[in-house]
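Mind having a look at this structure? Questions to follow.
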Amino acid sequence: MQFTAKDIAFMLNGTVEGDPLVEANHLAKIEEGGNGSLSFLANPKYEQYLYTTNASVVIVNNSLQLTSPVKATLIRVENAYSSFTLLLEQYNTIKLNKSGVEEPHFIHKSAKIGATPYIGAFSYIGQDVTMGDNCKIYPGCYIADNVKLGNNVTLFPGVKVYFDCIIGDNVVIHSGAVIGSDGFGFAPNPDGTYTKVAQIGNVVIEDDVEIGANTTIDRATMGSTYVRKGVKIDNLVQIAHNVDIGQNTVIAAQAGIAGSTKLGENVMLGGQVGVVGHITIARGTQVQAQSGVSRKITEEGKRWAGSPAISYTADMRSNVVVSRLPELEKRVNELEKIIKELKDRDVH
Amino acid sequence: MQFTAKDIAFMLNGTVEGDPLVEANHLAKIEEGGNGSLSFLANPKYEQYLYTTNASVVIVNNSLQLTSPVKATLIRVENAYSSFTLLLEQYNTIKLNKSGVEEPHFIHKSAKIGATPYIGAFSYIGQDVTMGDNCKIYPGCYIADNVKLGNNVTLFPGVKVYFDCIIGDNVVIHSGAVIGSDGFGFAPNPDGTYTKVAQIGNVVIEDDVEIGANTTIDRATMGSTYVRKGVKIDNLVQIAHNVDIGQNTVIAAQAGIAGSTKLGENVMLGGQVGVVGHITIARGTQVQAQSGVSRKITEEGKRWAGSPAISYTADMRSNVVVSRLPELEKRVNELEKIIKELKDRDVH
Amino acid sequence: MQFTAKDIAFMLNGTVEGDPLVEANHLAKIEEGGNGSLSFLANPKYEQYLYTTNASVVIVNNSLQLTSPVKATLIRVENAYSSFTLLLEQYNTIKLNKSGVEEPHFIHKSAKIGATPYIGAFSYIGQDVTMGDNCKIYPGCYIADNVKLGNNVTLFPGVKVYFDCIIGDNVVIHSGAVIGSDGFGFAPNPDGTYTKVAQIGNVVIEDDVEIGANTTIDRATMGSTYVRKGVKIDNLVQIAHNVDIGQNTVIAAQAGIAGSTKLGENVMLGGQVGVVGHITIARGTQVQAQSGVSRKITEEGKRWAGSPAISYTADMRSNVVVSRLPELEKRVNELEKIIKELKDRDVH
């Protein structure tokens, strides 16, 4: 990728200030930009870097007034931040614009594959799989029998989807994620051993969901584990069987949700949060990192923290006192001593 | 899969009530059952759904007395729950009944493979591997040199087993799990760098073990990391080098056990539990989710909670007071003020 | 591998005591050593086992004075521990000494591969990849377009490296680890949905780094996520976008570091630790297992514990009082009662 300042200005409908033929071949932050890099300045806080940067081209707001000479070629636009975001997306689209079917692969003859797919080498597509248009299946993915994929689905390398699972449109799943593994269901026997409870449900992932690397989502015992429209899940997250995650909920890395729990819409779970099974969490609930939710949450839009989780403000206040606990105990010791003296004196 | 009510009644030794020719092609919960679904009613609590369900066929107890008309065809059996469980297993057996050897694969000529295997495409079976009968190696698995697998082992897609590891009969390992990766052993040097300690042991997984998706079990530095008979491990669990997990122990998702720790039989660890290294945990110990076990547990069959873990009941009691800590501190402030007044008055 | 006591003594520059022709074919701890095993005795605490072991050959210090007869053949050396360590490494080198290029594989014609590689079956090497000498790419690895690998890099089975990432010399990455997946960046919209922020940076892993199984390291939004020289990372760890991990830092299993946080050199994070985003952690900081670091740490070389983390000693002291909290509350109740009595009496 190599563009002149003039080309970029044309794409962004901007105007060039400086050498229009200078070339940029990668994107960089303004404070890190070197020769050949294209950067932007939106936040006035960073204006100082404009006068020292080694970036070749910098996108700036039309309204910016220079206070010193600038080495880089400037491209002036209405909104430097949104113009740059546009370029970011453009850049990524080019990088991820794989197409074609690589060899070797395993595609069952009964599988139905939509238009313009990318199917990477060593990918496995099982019996009766259906796949919409513009799907990108990176190398080493596994799509089991009877799985359904919508349009514009991207599975990064090594994603595994067990049989019968359903994935909507525009879903992105990162490397190593496992969709549809057995729920953790075992019935105890009198002799201390366990008998497996067959897990015959599936996982349903609705449209516009993104799932992080090495995350695991178990299939339902019966029925479906649901990840609703617009949900965003980070890396190494565990979603147990029969969980139902409401629309536009966001779950940070290493959080875990136990079986049959139902999260409302627009919930936010911080990193390493745990949620017990068989409860419901009201829409808009926010849970701080490392907290443990042990009871249902019925009030919408509140913030929780701690393990077990209590209201965020109560937890903050308690934490402060916890750090002073040894001192508090000493004060109680002292009080008891004084009281004893007072009482003894009283007696005499 | 498509069966008539009559077929199902025959399999379960039950009697048909309603149209014996109605067909079912999938299993569903009674409250979710639609056209073509087969369901069951065991718990009287759910009886209401029997009169409203759209399921085509419902298995019920012989003893059930109807209080309203029912649209579905009923199959009456001695025990509806156990009959349905039987069907679940049957269903799963059919779904998972893969066989044959798919192309391409890599099987070292020295590998010994038992009768009726399934070996999925892109699977790798190394030098001197031995594998019992009826093993199912799903696509993209990696079995390193000198690994031994028993009979009826199932490795779901993308399981990796490092060299020299030993896996018993009837073991099930889910996608992305890693068995036998190097233990985390590094010796510090005076200059702040670390030198790796070679990890030359292996992992031994005994019979009837199930291991969840993306779980990691490290090989021993020397000797073996043991997962004993009947152990059940959930997803994303970390088992460090030289750990020994006792028979029929159950470990929930995202728990972690540090090096050389020995768990007794029938231990239960909740989700996200951490256990420090080099300790022993008595048989029958139960640890609540998110707890951290920092010392050995010698008394059998007790329940623990908190980080660091204390007895479950003590932790419950402490948690209650923690949430009232700011108030407790205020009460101590108040007491000190009163005492000061009393003492001052005393002096005068 | 099969050596006589005489052979081993020759390798270690030691002297044989007993049958020089006895053979050993594997390594074992002295307390577990059986027929054919080679063991060592360095710690006097274990001397008792020397007289009962079934190991065929035992390496001991020159200085050791026997107090009973010994069945095994002894090899006397200056330092039994370091001699044994030498053998461990030798053993591992032989075990891991794979070479050659296995079929089938996918290597883009533009990829540049150094001398004496091992490339396992089902490995994928993308466009413009460059790879140094003596790299070992185990089966089923994925190396995306434009990735650069140094010399002596080992990627165990199923490692995935996304495009543009850079990996230094002598790096070891264990099975299932994902390098360069998208950072978790989504901008909220007024209607509750999220728009993905393109993640166009990369991951840079410097020399002498080891990364555990199923660990995930996200690419930077822009610029790079850095794992500096000599860092050791355990299994199932999450490193978010734009994190920078200082030289020789050690991170135990299941820890997680949120976006843009910068760890100094020689930091140690215990298992399941969480660190919030956008902070710096001073060099030499040590954080206890399961702790949560919620604020920047500026003082070097201190130890922290708890969630939120406070100084280690303060946390230890607080934990003790937490377990006595119900009792403390009772004592305050009692004090209030007495005070009330005293005041009442005072009034009359």
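So that you can tell them apart, the chains are marked A, B and C in the order they are listed, and the count of residues begins at 1 in each.
Assume a residue touches a chain if its C-beta (ideal position, glycine included) is under 8 Å from a C-beta of that chain, and two chains touch if they have at least 3 such contacts.
Keep in mind that this is a model prediction, so the values were computed, not measured.
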Open item on the list: Quick check: superposing chain A onto chain B on C-alpha atoms, how many degrees is the rotation, to the nearest 5?
Closed with: 120
Open item on the list: Given that chain B and chain C are copies of one sequence and touch, is their interface built from the same residue numbers on both sides (over half shared) or different ones?
Closed with: different
- [ ] Averaging only over C-alpha atoms, locate the centres of chain B and chain C and give their separation in whole Å.
- [x] 25
- [ ] Scan chain C for residues touching two or more other chains and write them down.
- [x] 104, 122, 140, 158, 176, 214, 236, 254, 272, 307, 322, 325, 328, 332, 335, 339, 342
Task: chain C residues touching chain A - in the complex, by the definition given at the top - done: 104, 106, 122, 124, 140, 142, 144-145, 158, 160, 162-164, 176, 178, 181-182, 184, 186, 192-194, 196-200, 214, 216, 218, 222-223, 236, 238, 240, 254, 256, 258, 272, 274, 276, 292, 294, 306-308, 310, 314, 317-318, 320-322, 324-325, 328, 331-332, 335, 338-339, 342, 345
Open item on the list: Quick check: in the complex, which residue numbers of chain A touch chain C?
Closed with: 27-29, 32, 85, 88-89, 91-92, 95, 102-104, 120-122, 138-140, 156-158, 172, 174-176, 208, 210, 212-214, 230, 232, 234-236, 247-248, 250, 252-254, 265-266, 271-272, 289-290, 307, 319, 322-323, 325-326, 328-329, 332, 335-336, 339, 342-343, 346
